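Residue numbering begins at 1 within each chain, and the chains themselves are lettered A, B, C and D in the order written.
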Amino acid sequence: MKTAIIGASGYSGEELVRLLSRHPFVELAMVTSRSLAGKRLADQMPALRHLVGELAFSASDPAELAANTDIELFFLALPHGVASEFAEPLFQAGKTVIDLSADFRLGSASLYQASYDQPHPAPHLLEAAPYVLPELADDAWKAASLIACPGCYPTSIQLPLVPLLRAGLIQPKGIIIDAYSGVSGAGKKVAENFIYCERNESMRAYSLPGHRHVSEIEEQLGRAAFTDCVVQFSPHLAPMTRGISTTIVAQIKASIGEIYSCWEKAYADKPFVSVLSSGTFPDTKHVTGTNRCDLSAIHDPRTDNLVITSVIDNLLKGASGQAVQIMNLKYSFPETAGLL
Amino acid sequence: MKTAIIGASGYSGEELVRLLSRHPFVELAMVTSRSLAGKRLADQMPALRHLVGELAFSASDPAELAANTDIELFFLALPHGVASEFAEPLFQAGKTVIDLSADFRLGSASLYQASYDQPHPAPHLLEAAPYVLPELADDAWKAASLIACPGCYPTSIQLPLVPLLRAGLIQPKGIIIDAYSGVSGAGKKVAENFIYCERNESMRAYSLPGHRHVSEIEEQLGRAAFTDCVVQFSPHLAPMTRGISTTIVAQIKASIGEIYSCWEKAYADKPFVSVLSSGTFPDTKHVTGTNRCDLSAIHDPRTDNLVITSVIDNLLKGASGQAVQIMNLKYSFPETAGLL
Amino acid sequence: MKTAIIGASGYSGEELVRLLSRHPFVELAMVTSRSLAGKRLADQMPALRHLVGELAFSASDPAELAANTDIELFFLALPHGVASEFAEPLFQAGKTVIDLSADFRLGSASLYQASYDQPHPAPHLLEAAPYVLPELADDAWKAASLIACPGCYPTSIQLPLVPLLRAGLIQPKGIIIDAYSGVSGAGKKVAENFIYCERNESMRAYSLPGHRHVSEIEEQLGRAAFTDCVVQFSPHLAPMTRGISTTIVAQIKASIGEIYSCWEKAYADKPFVSVLSSGTFPDTKHVTGTNRCDLSAIHDPRTDNLVITSVIDNLLKGASGQAVQIMNLKYSFPETAGLL
Amino acid sequence: MKTAIIGASGYSGEELVRLLSRHPFVELAMVTSRSLAGKRLADQMPALRHLVGELAFSASDPAELAANTDIELFFLALPHGVASEFAEPLFQAGKTVIDLSADFRLGSASLYQASYDQPHPAPHLLEAAPYVLPELADDAWKAASLIACPGCYPTSIQLPLVPLLRAGLIQPKGIIIDAYSGVSGAGKKVAENFIYCERNESMRAYSLPGHRHVSEIEEQLGRAAFTDCVVQFSPHLAPMTRGISTTIVAQIKASIGEIYSCWEKAYADKPFVSVLSSGTFPDTKHVTGTNRCDLSAIHDPRTDNLVITSVIDNLLKGASGQAVQIMNLKYSFPETAGLL
């Protein structure tokens, strides 16, 4: 099966190229980028020199792509707003589209407008596009041909919380989330704030209290809890390239044993979630370069809080790895194909 | 005035050597270390080669130190438990002692036993030893000759919270604290967990939920609030040498304007606390190498929480810089002497 | 085909576990470690949790291993001196042994004694054990069953130099080599010099002028040049986990075009050597996590020197990746199997 | 005495602000920057919040500055070419100017043109402007009012080599220099190549063989050797913020004892050069934040080479610290004033 990556000039795009180039069941037939059109991938992504042969970036006209009869599956690694320009014609042409942008992550156009300060570019497609965090979505999504891939912070938050909220084991109110992301979370942004000497040996919060991912988080947690969730989410930058470390405090309504039973049931056969024993703490280093989420929790009897920590690689389980996992599941490849 | 550092083999000890060697009003006359006795500081602390001349580590017998007629002020940079062995004879001999260990930070021997798993080595001295976070302590402490210097996490937490709790502007219950420390927070510990390849590109929680600093934090916050405080404190390791980034969520009982007025009043003439405008976020990089605490806060109207972030250099405002600041105030030197 | 790793407690051992667990044509049937016997790999190598299932470390008696009828191929990831204790009985039992230690890298027992300050533990095996840098060794080695895998610095040095010396395009005298290694080059050594705070933000030389790898380098370069080579080799530590950056200055005896023709001929069909155009400089970041060596050179007309820079991942092309590449070639698997 | 910094928007400018704000004998009366005019230093250089009070950047018209009757000494922290626009009127007005740019480092306008691809902007001033590496310059320079401050790489190279070349203890031909610089060596440049994710965990060469600093290095070494010097200089980027690690190979014409005697004589009373014993290796970490150069050497009897390693903080001894040291000497302040 032939695949294409649309808009592959950033770090997520590069990871997708890596994963698809090594994938046993698909071929990476096209990689597009407006800014890099005509250039060889081997020169622009020198870390992948041994994988990409003579492949070159092509220009990316949505209509032309939609007319392509060769390629079955398109990954969109584009900024929000831009992704829809491609998603729409590809969807209409019957292609499968896995979108890594925020365009189809929220359930309503109004929420999108509130979060992204612009009208939703294709509101009529929202209903057709399921939000697929593979471990948590029910199988109905596999029939869809336009799929929204969750963001990095939301993935690290939903994997521990959603099963517990569904089972009613924690309070849906008053959840406090603190997260630190490696700098690649900002993409390949060229700005003074992201040059090496500014970020090295530095930690700081940003975008409090209104980070854009909050609406995605709250919408998904609310669906799990069958009630509105309002979370306190504080994102930070950390002096490393990859990884998200998330710490969550929630009021417990059950024993720590019940928490663990719930997780073990939810993730028993899920190859990319590791539930660590209580008192063992996940480390971003252990998931870097993998599609795994490691998580664990302790119960603090003094406060009756559950304190959860979870870690992912923001570019893999938080973006490109997850997108490939979605592809694997949709096309009935082994879930781990190309991801070990 | 002649000063000595007892137990200077670690990172805090080294920072104290640096600060006292450059201090305009005191002389660093003696530096002790059991393990390094006889060795030149210039060889053991090569970063300070230009500052320490031919000074060598001496051995450190408490009785002998107490009999020394030359030295007026002793800084103890020793592990908890060991510090008391020196504090007691020095105190009895009428010396001034600034203790960077935990031995005199807690108000009762029973709390010490619960936190440090050993009986307090000198409980009869607890009353004589004030806990001095200079910006928050009232001036009575200056008469004391045995002074407990606060720990690094507690400093980054008390500076933002104590004025607000004293003024009743936040709820004393349900405070959630998340903190990330540079690796020097673990001292010069030689263990697999602290070698470069394990800590680089890595973030993780540790010691949840019962970190030893919790009792110090809760005792001090409780005094400020005039009621028991129970906090949820989650410490983490971050991939950098120095700095603590602390994020605190508390329920607000006032407007953000009142929060800021309170802070501005508390810190108007305090050279080492910078209150940043709401929406500007402190960065550990900006306080590394300084004795400053930078802090700011936002009010999230969706949750009615106050979200505070504060940063310090764990080895300076969190240890050695604070100790020198205490000395400056006790001896009526300018508060910033040797600390700019 | 079943394989085993003997002595897998260090970083090279961990990389071997990763590579062999994912390898399409072999099974990792046993992993031994004296210090970790009985423990699960998933706990000791948490980065590999998703790959190692329930495999546990076993104890490692040489005679017992030699009697094992199940396992065909043994990788030795042991310290020098210790490796021979296993190599000998395994070799006698007709097993294939790929040794990552220094025990069989040098051509004579006397050179080994001079370099490692101890008698060679199995001098009678030296002749049976070819030194195999796969891109440079001729095919005769494939018949051998005891194979010495080259060290990390020597690999980064030989790949650029050997073809040029064989072709007589540079002077074999007066070669100056400067190299910086990531900290994992020291292995998982727990010592003050390797804790995070000592190595972060730090660069320094070490072991000048007599680094142990010098004899391996000079012996191999001498064989290529058909004359004695004496090099000036200066190793350094760099503040990163993985990667070696090597810069070599040699007097040129040909044009830069002839240098490049020589390299292109030598490496035309070699998947793990990338010859970059003159003026493009290799970057350790681009080879981290790969088995590649990237190299390039410029001719400085002012000095008539050839200045070469080459980079490898010290744990992959400099150790475990190379060992797997050797296995692939010996067993006629595709050279890149399990290495992309 | 009042001083001003012209063009303080970069990292060297920031270090100058830090040093002059704390200096016991001068006042920092003005800081200019075209791009930041009107903004408070406390906001633009948040690391210096406690030092800079309400000082704001001013605009920077050369004529106006020259007419200023208040300020005696001007530091130019400007790009090459631009510095001369200020140096000329200030010099004509009788001000003292310490120039951190390259404009007055080379002895001739033609060499400048060859190195910087543009005509020298003020060739008639070249003779009036001594090149002052304080430990090596003879005292005549103190009469000058326009002074060229050496660059970072050249400082780390000249301090070890110049005394040896003057004494004829090494061959002036065939010197090989390999240097790794922290990323701040590139200044506060906002470009993809300098964002965190590109430079972290990365080492690479750049600008081989024609780095601009080569002419400055060769001119100065040639003056010391009384003969032309042609060096092989290979600069690299290293994954750290500050520090230069330089390794130099030269053919020895004396014993290692004579080398050390020469250095010890040259640097006996120099507070900012530490000569480490042979076999002890300088570490960039030990000089970060200081104005020191640490250096040592070994003699390799196998090659008859002297191998020198030296380290400096590129922003201090390689730029701003050195400029302040020059000021101290010119105005007969203690050489270390404000620099410990």
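Simple rule for what comes next: a residue touches a chain if its C-beta (ideal position, glycine included) is under 8 Å from a C-beta of that chain, and two chains touch if they have at least 3 such contacts.
Note that the structure is a prediction, hence the values are computed from the model and not measured.
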*List every chain that touches both subunit A and subunit D.*
B, C
*Could you tell me which pair, C-D or A-C, is linked by more C-beta pairs in contact?*
C-D
*How many angstrom between the C-alpha centroids of subunit C and subunit B?*
46
*Could you put a whole-Å number on the gap between the CA centroids of subunit A and subunit C?*
37
*Could you state the distance in Å from the CA-based centre of subunit C to that of subunit D?*
39
_Touching at least two other chains at once: which residues of subunit B meet that condition?_
198, 200-201, 239-241, 283, 285, 288
*For subunit C, which residues are in contact with subunit B within the complex?*
11, 183-184, 188-192, 194-201, 239-241
_Touch list for subunit A against partner subunit C, complex_ = 21-22, 46-47, 49-51, 201, 271-272, 274, 283, 285-290, 292, 294, 336, 340
*Hey, which residues of subunit C end up touching subunit D in the complex?*
174, 176, 178, 180, 182, 198, 200-206, 208-209, 230-232, 234, 236, 238-243, 245, 247, 249, 281-285, 288, 298, 300, 302-303, 305, 307, 309, 311
